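I've put the structures underneath this note.
What follows is a pair of complexes built around chain A, which joins chain B in one and chain C in the other.
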Partner chain A sequence: MFRYYLLLGLRSLRRNPALTALMVVTLAIGVAASVSTLTILHVMSGDPVPSKSRRLLVPLLDVGPRANYSPDRRDPYMTQSTYPDAMNYLRSGPGVRRTALYGVMASIEPARREDPLIDLSGIATTTDYFPMFDVPFRFGSAWSAADDERGARVAVLSKRKAEAIFGSKDPVGQRIRIWDTDFTIVGVVGDWNPVPRYTNLINGSGGYFEGEEQLMVPLKAATDLAAEPNGNVSCSHESAAGWAAFLASECTWIQAWWELASASDRPAAQAWLDAYVAQQQRGGRLERHAPNELFDVMQWMDFLKVVKPDSKLAVWLSIGFLVLCIVNTMGLLLAKFSTRAAEVGVRRALGAGRGAIFRQFLVETTVVGLAGGLLGLALSFASLALIRQQSKDLSAVAHMDWEMLATTFAIAVLASIVAGLLPTWRACQVTPALQLKSQ
Partner chain B sequence: MEIRPIFSALMKSRTGPLLVAVQVAISLAILANALFIVQQRIAVSERPSGVAAERDVGHVYVRPLRKLSHPEVLAEQRREAAVLRGLAGVKAVAWTNQMPLSRSGSSSSVRATAEQVHESAQPSQYFVQPGFIQALGLRLVEGRDMTEADVMESDPEKDAEAIPPGVIVTESLGRALFPNESRFVGRTFYFGLGGEQATRIIGVIERLQTTGAQPGEAGEQSVLEPLRISQPGSHFAIRAEPGQIDRVLQEAAETLRKTAPVPVRTFTRSMEVDRTNRYRNEKALAWMLIAVSALLLLVTVSGIVGMTMLRVAQRRKQIGVRRALGARWRDILRYFVTENLIITTGGIAAGLLLALGLNRLLIAYLGVPRLPLEYLAVGAVALWMLGVAAVYGPAARAAGISPAIATRTA
Partner chain C sequence: MLHMKDLTKVYRTHMIETHALRGFDIDVKEGEFVTVTGPSGSGKTTFLNIAGLLEEFDGGDYLLDGVSVKGLSDNERSRLRNEKLGFIFQGFNLIPDLDLFDNVDVPLRYRGFNAAERRRRIEQALTEVGLASRMRHYPAELSGGQQQRVAIARALAGTPRLLLADEPTGNLDSQMARSVMELLEQINTAGTTIIMVTHDPELAMRAQRNVHIIDGRASDLRRGPSLVQPHAAIA
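For the complex of A and B:
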């Protein structure tokens, strides 16, 4: 029977082509609008590292002075760690791995003076960065812990940048001259570009979504060469002049990360942090006695407001638009079905129950929904392509995945069923006697 | 007018008209809120930066790859400025540490008194020298421009933080520091935590947006500090002859690279590009909302057309009878237009409430401001007119139904 209803549905699509086309297009537009905004929100708020996101923690301390502290006001720029705290975490912090990173900018000097410079934006970090964030290697490997200790002049490049400089051959062992110093390439990162860029959200090279780390060097190498941070530096205390004084200062400019063996170790990590802060306070630091915070990946992205209210606004309004399209389709279906009261009357008179009529019309509306869904999917791809043109940020997030593909279909079919319920129910109400009489 | 029969006919078959009214209500709710947000975003992106004839202004950044000493850096700054001034098409050049709308730069908290616990504002700090105000065409509204005598020399390697004794502030910063005053020259305030040394305001400019150009007052809170400072990188604000900024910037970067004693990194951006980049997200959202609004109206119109066509089809015979009984073309047309007006008016009434409700939600969850009533009025009028326009076609065709139809059996 289902196949027969399906056939009837398909045939009825052809019967009033204009009306059917209008319904399909209306549903498709509604679906496309909500799917494209939802896709963007989905990518923006998605978990970039599901296997580890609850085990990766960012510690955050309030290092501001006592004088202007009020617990209800938060310094919007104090979102990173001081150099001394980051160093202490690296030395003795909790968890199985710890790293710290800050954004750097460098230019490779060309061999010949006339040639253009090659600019690199990246990070200074430690060797644990690579296993901690599951960074794959195309060539070579990360530097060693000993390299971290010595501040070895070694560098890892992104795949794209390595290809731009050395072509597709293995550049390990080659040298680049940055910060007036020779660095040896030890590795090239493979395809790895998490969106959002959760590892380094506070970057000076793109933003939350767009951009990549083109250069990675040992933290100590960068600080030895006084490579200035390319990103946010927030100083809440007066500090003396010069690089050494900057490193010793209460300015916050380094992002610290801890990887725990399991998410259940978090209370222990919190206890370590509280004990660390208490010890620092005995030394006269951290005079605000503000709460010492830990964020896992999702909390961290939430704290930094990775998802802008605008994206949520767009989703809300487009869902409102979808509701409108559903109501519209409902009206059109009502019109379509009302012209077929006679047909229903005949079927009922010949013995079809209300249930049979209900199933027949429901199948028909679902056929409309599927057609709308298919067209809506095509429109979604088109509108996402259009959205990608708007900005680099949007071009990084406006991509559909399998999850959203399935969601699109679910939305389309659900929308058509919701739209079809009332008209279908009305069609079932036809009393056969009246219909037959009026003929 | 024959409103009563129309109304009772409507009450007989409610579902179709009700669905149309619901569509009108949803349309109005979304349309009013969307247009309001679009207008807000466009207003934010069209705020003046304070820079006169912005399309002729740009900046070039230059940074040596090797570390230079304090005197070397200052000498380079002077040489670079001279080189840039010598380029064809350049009207003015001024050294600075940052540019408005460029989304990168430094800011500092300021306090009106040393005892004040919380800062009065967090202004953008422009380190500049005499000539900056003229080059950018900023409007001095009180006090005087800076002179060479105001300029303080600073070596960041040696001086912790150089705070010049006299600075120029924007009116917005003046108001934030001294809310009850209208004249700010001669007043003093403190940078940072309110250390020992106060700074005096020597002049006030009408406007200079910050590097971030945040919405609201914060986007215009800037301070010009007369400093000659040996930062590793320099920005040069350049004003070009009309229409030449892109060429001038390109030549500026090339010339700086060629004439530099050590390799240098450069980049350039016109203010137009900075402005586009700064407001890209605002523009993207505005376009998206405009597109949704247009589709919204299209869908609503198609709903009204569809419903009217259905009602006309259902009543061919009645129309024929009415025509046969002497109703004119006009009367039939008026019937359907009035019917439609009743439906849209009902929808609009519900839509007004829905729009306010939606606005409440947006205020609560997304920090959108309160919806001004004009938007509701504009939206309501637009939907009324669209409703009449949408119903006109099918209704006119209905009015053309021949009276002879009344005598035929279906």
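For the complex of A and C:
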């Protein structure tokens, strides 16, 4: 009978093409609006590393002065670690891996004077960064722990930057000159560009979604060469002049990460942090006695408000718009089905039960939903393309994925079924005797 | 075939109770052609709707082909309607979007026949009413008389035991009315029981039996011998 209902549905929709088109377009616009905003929210708020997002932790301490401190008010700029804390974490912190990173800018000096400089933005970090964040390699590998220890002049490039400088050939072993020093290329990262850029959200370029680490060098090499941080530096105490004084200061400019063996190790990591802070306080630091916090990946993105409140508001507004479209479609279906009361009466007289009528009309509304879904999908692609043109940040997140593609169809069909339920139910309630006599 | 005993039907609104049928008794034997007459508002249509399981009744008993219909679910009533009854309406009630073939197909679909069986029955029914050559025409392309013939074919295709006709000639001119009446008589002669509501005294007189309804009660005005031996019109 399904095929019969489907044929009847198609025939009924063909009977009144203007009304059908209106219903399909109404649904499609509602679906496209909600799917476009949902897609963006989905990418923005999605877990970028689901396999270990609960095991990767960012420790955060409040290193500000006691004066003017209010426990109820968090310092919005205190989102990174000091260099001394980061070094202590690296030396003796908890977890199976620990890393620290800060943004750097560098210009590759050309071999010939007349060639232009090539600018690179990237990070100074430690070798644990690569396995901690599952960074794949196209050529070569990460530098070693020994390279970290001695601050070896080695570098890893992004795939795109390596190709821009060296073409598609393997550049491992080649040298680049940055900060007046030769660095040997030891690796080229493969296709890896997590969105959001959760590993380095407080970066000097690109923001939360756009951009990549083009250059990665050992943290000690960068600090030995006094490579200044390219990113947010927050200083709450006076400090002496000079690079060494900056490193020893209470300025926060380094991001620390710990990888635990299991998410259940988190209480132990918290205990370690609390003990570390107590020890530092005995030495006269960390006067505020503020809570010592740990964030996993999703908590970290939430804390930094990666998804802006207006993105969430846009989703709610678009869902409201979809509801409006459903209500409109419901009205159109009611009008359409009310003209078919006579047909329902005849079918009931000829042996159709209420269930059969319900199924027939439900299939018809589902056909409207499928058509609305197809058109909604096309409109979603178009609106995402339009959104991509609005800003660089949006261009990184406004992409349809399979999950959202399936969601588009599901929303359209579900919306049409919801829109069709009341009209269908009313169609089933037709009193056949009344309809048959009134013909 | 159809047995109603002490049947009552009351329509209620906030203010008014209307007794459409009261103490209504009727017994229709298999193979009979019964015409039902009566003034407007006497309860003819209510009787036909209850007989056709399109409306519920409030009291009394109703046996259709030996089955008590009291308390049957909507599905059971629909199945009974589909298997045992055929309807012919004054307004034809064809579905305008469907061609003749698909119109006749409607009750057969709900009966669950396979495609070959449905085709055989549809072609046979349309042949019987003389419209086999216009199977792919739409109702709007036919005259009133032809549309009523299609409605008769639709009613016959499922081989009903009882055909209920509500003023089937009411919308037709006298020549077409005669032709439709002759067709119904042929169907009855072939064995199908027919109950026909009519306002036309001439048509009422042509049946073996005429039941008159007044104030919701039935009385036999004339009863003649059955002219036919019951058997199915379409096997």
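By definition in this document, the second predicted complex is superposed on the first by the 439 of 439 C-alpha atoms of A that agree within 3 Å, B and C clash if a C-alpha of one lies under 4 Å from a C-alpha of the other, contacts with A are read in each partner's own complex, and residues count from 1 in each chain.
Everything below uses one rule, namely that a contact is a pair of C-beta atoms (placed from the backbone, for glycine too) under 8 Å apart; a residue touches a chain by one contact, two chains touch by 3 or more.
No experiment lies behind these values; they were computed from the predicted model shown.
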Combined model on chain A where chain B meets chain C, clash or fit: fit
Of chain B and chain C, the chain that contacts the larger number of chain A residues: B
Touched partner set for A:A146, first chain B, second chain C, both or neither: neither
Touched partner set for A:G351, first chain B, second chain C, both or neither: second
Touched partner set for A:R426, first chain B, second chain C, both or neither: first
Touching partner for A:D310 - first (chain B), second (chain C), both, neither: first
Least Cα gap, in Å, left between chain B and chain C after the two complexes are fitted on chain A: 11
Interface residues, chain B side, partner chain A - complex: 15-16, 19-20, 22-23, 26-27, 29-30, 33-34, 37, 65-67, 104, 117-119, 155-161, 192-193, 195, 232, 263, 265, 280-281, 283-285, 287-289, 292, 295-296, 299-300, 302-303, 306-307, 309-310, 313-314, 358, 361-362, 365-368
Touch list for chain A against partner chain C, complex: 1, 4, 11-12, 15, 342-343, 345-356, 432-433, 436-437, 439
Residues on chain A engaged by chain B in the complex (per definition of touch): 19, 22, 26, 29-30, 33, 37, 65, 67-68, 70, 73, 107, 109-110, 113, 117, 119, 179-180, 204, 226, 228, 236-242, 245, 308-310, 312-314, 316-318, 320-321, 323-325, 327-328, 330-332, 334-335, 338-339, 387, 390-391, 393-394, 422, 426
Chain C - residues contacting chain A, complex: 45, 49, 52, 54-55, 74-75, 78-79, 81-83, 87, 89-95, 97-98, 106-107, 109-111, 154, 158, 166
